[in-house]
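Each structure below is given as structure tokens.
Two complexes are shown next, each including subunit A; its partner changes from subunit B in the first to subunit C in the second.
And now, the complex of A and B:
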């Protein structure tokens, strides 16, 4: 319990630092925020008006205080591009992204664990080479490139799946899955490559340990040894890495959602960046970093459930 | 040296040679010359890798694009080393409150996906070649700082450091003479792997229009341009995609082998998210 308390306290502190970094990146960097939003060609009166309405004439500390105060009390401001309150906008888009995050994570784990185990079991043989090369190829190609290829194959040539758009699961569940499938696959392929490498490395280490030899000596079937004994010990590190990959996923999601015109959180962030909608940039960037932090905390807690040897104290 | 190391090294050498030699040997005009009668033409004798939507030769463009992509990635990683090395060494060597403060800030920055941070910085500063370097460089700094700190911390506890201190050597001298040389190997490995991620980051930024801007040509920009012509001319995406893949693949393979040789303790690379 003390551990949880400490972690929560440290989470609050880190969230505070994240808010400072977010604010710094959008404010202290050279350049006038009003000018950044409206462009250098805009007229002086309009600029002055915008400065006034965003409170840019006040000291930075006051601006930061008002922004963080608003974030805490739930007043996240209004988007300059969408002309809508930012809070509900983010809630709606984040829900859309949750679908492809969950789907891509499932795809990646479902493929990476068997592939990584297979490579580790056949270490230094052609199976290992094939799996490792596939994984290396996966990490080496940008995920938007996978996205383009998937669009070409599944949407254009075969015509099986839609190449763009978002459908709400409540309106049409099948349609929602179909629309989310290609972006999830594009995200999942890159992720799968990392997780395969991780699974292979962890499994290779475990398969050399004493208890595996003992299990084999007892006459247990190879299948039991690998899937029940070895994998049970490897799953912890693999899940941890998968959890840490959420950060990577949230970076990639910006590119992939924009490519597939999938109107989720990544797409929203991209629109904010493209239109220099500073209040929306701050809110989306802060939200993504906060989610990454919270997920890493959850993964740590989950670790104790998966691997009872880990005692937190 | 394994086959993997040789292939990786050869790929890296080939791409470096392209980036350095192509601008000297291939006139810019070859890559910008438009042949309106040969728009989106498939690979042929006249254009071995085909042409793009403006009839420009893809082989010359991808060769000259190597310069931009590798220049940006190299400069960005160098920048993150220049900032991250002193941060990490000071933090790891001195420890205490300095380490606490610096690493808290680094940890908070690590919560931002590197690509998101780079995109944000580039959007706020205004996308161009210089700002793309700054954006990727800043985004990668916390990863390098974290790793360098860990290494410095390990070395700082070694008996020979204690010995040097007991002999009255100043901290600056200890850092320069004893700490730095002993943490170089893992840093070189990490820098090589970061280079691969920087190439991917540049491609991602340019693909979203927040990186390299025309008339400069980069691989990410070429892939972006290909999106509208995918049905008719898939090679416009495949050619620059293959260039990115081969470079990153080469760097990853080379980095893996480099790690086995220089830094055998670590099995898996840390990677910017």
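And now, the complex of A and C:
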């Protein structure tokens, strides 16, 4: 419990630092928020009035104080582009992104673990080479390339899946999955390659441990030895790496969501950046940072369940 | 009576990157029911491969049985293990043949409870329901004298000590009442008192159940303690087979004779006051040594009340809440040209003491004096200068040499570092050092991986000698070496001592070696010296209960002097961790004879 308290406290402190950095960066960047809102051709007096009403003339510290106060109390301001309150907007888009992040992670783990185990069991034989080559291919090609290939194959040629758009699971669950599938797969392929290599390396080490020999000496079948005794030990490191990759996924969704016109957090961030929607940039960056940190905390907590030797303290 | 195991012409090969290698060639021997057969040999002798072949576990390590018959008299009738199906083998493993391995720390699956790992085999071979299997597991744990067996079932391996884990592994191997127990170096990684418990346990289980034991070891003393018959192996072949008494009394093969000669026997130095070189048959008897200076000469190295504690930090602010009392109020004096051995079991503080002398760890309090000068607080240039006078030889010559540097470079490095020689002179000095440690000069330009373990340890010794130290701290310097190589390295060290007047702080857990090489002995337990004195006095007349227990636990390489190992002492070892404010009592000693002091 003390550990959780410490971690939560340090999470809050880190988020506080992140909020300062994002706030500072977006304010130091060239360009004037008022001008972005009203356009370059606008009347100087109207601009001055808008600056006054947005509080842009006050000291930076006061502006930051007002912003962070709003963030804490749930008033995240209004998007300049969408002209909507940012809070509900982010909540809605984050849910959409959570869907493809979860799906791509599931796809990646479901493929990577068997493939990595298979490669480790057949170490230094052709199966291992095949798995390693597949993994290398996945890692070395960028995810937008896979995105384009998948769109061509599944949407254009085969016509099995939609190439773009987002459907809310509450409206049409099947439709939501079908729309999320290709972007998830595109995201998941790179991750899968990474996790396959990780699983292989971890399993290779574990299969040489003495307790594996002891398990065989007990007369257990190879299936039990590999899929229970060995994998139970490999799963911890693999899950940890997968958890850390959630941050990487949130980075990648900016490209993938835009490519598939999937209106999630990545798409929203892209729109915010494109239109210099400063309050929205701040809120999206802050949200992504918070999600990454919370996920890594959850992974650490999960580790205590997976590996009884790990006691947090 | 027909044999339980009849191995005939076993040949095992391995695929390697450099092509196929034959690890075991034409090995034949038998094991009768209820008999203990010890297979003994040095590293690379093929003893482990032979035992793994009997379980057909070699194939999981890239090996294959190429030839030979492995007849095993199973309950359902005799069969040839070499040709049995995988399913048949799974039915034998853990059921009719149990096996225990060397490393108790890694023999158990760290993420499963003890109970789950024990129940698995019982359910598989005996078709027991979960509750019945658990009940049987409790019985088995009780049989191997594990206290509170019900509670252990729900514990994980890391919650148990090394000795306890090895007993769990034995319980697992015994689960289905095997006809044969294969024990592959089961006590090599354990402390000597725990080894005694495990050897006693295996022997008792054998007598109670009538099973046969195939015991693989490199340790002749363990062979003498355990074996009915002995199989001596070397380079993948059987050198000699025979009853244990005959092997020890009248070995036939030259190799067996050499192996036995090199083994020190505890107690053989009883009436000899000075250290003696190890016996190496064929090698010339080392010349008589000038006798070492008396122990009360002015000490070259002196420790006064040395205390080293490691802080345990917890919480967000990483405050020190407790201390590991690794070394607690240790005092001794080491005179020039003498060897003081620090003995004790893992965690007793002997290595920390050795490292403190070089200031590789910072003492918490106390005083270290070298040549009469206090070096406890030296820093910078003076500390560097100190490291010229005190050098260290580490246990693992595979890890203590840089794999990317030529050997000559590694031996030259300290001299270059201290600027004691350069150019032509440096090269000559390195070559001389190679002569000194009896390594051919052709090795100068080689890399560590091209050498054997013993050769590497010679390089490490040459490196330590290169700057002309007065004191050498040898931390388990021969423990990783095969016995014949160990004898050569020890003789080299003793020769260097006589020629150069070196003082050794010899840190070891091997009482028989310590008895042979030391002038003085200090026994450590829980960070303190519990007994210290001239070697002959401590070994002949041990006064502290721990010293007695330690000496009584050492098996003797003589089948006529087998020991009855007492039942396991299951009391937990007291912890050296104390809360932050703890004031440790001083170490007070009583002098029982001149120079022989015992902790009161």
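Quick note on the criterion: the second predicted complex is superposed on the first by the 288 of 313 C-alpha atoms of A that agree within 3 Å, B and C clash if a C-alpha of one lies under 4 Å from a C-alpha of the other, contacts with A are read in each partner's own complex, and residues count from 1 in each chain.
As a convention for this text, a contact is a pair of C-beta atoms (placed from the backbone, for glycine too) under 8 Å apart; a residue touches a chain by one contact, two chains touch by 3 or more.
Everything numeric in this text was worked out from a predicted model, so none of it was measured.
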| item | value |
| --- | --- |
| Touched partner set for A:281, first subunit B, second subunit C, both or neither | first |
| First, second, both or neither for A:141, with subunit B first and subunit C second | first |
| A:232 touches, of subunit B and subunit C: first, second, both or neither? | second |
| Touched partner set for A:97, first subunit B, second subunit C, both or neither | neither |
| Subunit C versus subunit B, contacts on subunit A by residue | B |
| Subunit B versus subunit C as contact partner of A:152, first or second or both or neither | first |
| Touched partner set for A:198, first subunit B, second subunit C, both or neither | first |
| Partner chain in contact with A:215 - subunit B first, subunit C second, else both or neither | second |
| Touching residues on subunit A, where the partner in the complex is subunit C | 2, 6, 9-10, 209-211, 213-221, 224, 229, 232-233, 236, 306-309, 313 |
| Touching residues (chain side subunit A, partner subunit B) in the complex | 13-14, 17-18, 20-21, 25-26, 29-31, 36, 136-137, 139-142, 144-145, 148-149, 151-152, 156, 194, 197-198, 201, 205, 244-245, 247-248, 250-252, 254-255, 258-259, 269-270, 273-274, 276, 281, 285, 288-290, 292-293 |
| Subunit B to subunit A touching residues, read off their complex | 104-105, 107-117, 119-121, 123-126, 196, 200, 203-204, 207-210, 220, 223, 226-227, 230-231, 234, 237, 241, 244-245, 248-249, 252-253, 267-268, 271, 273 |
| Residues on subunit C engaged by subunit A in the complex (per definition of touch) | 55, 57, 60, 90-95, 98-99, 101-103, 106-113, 120-121, 124-125, 156, 158, 169, 172-173, 314-316 |
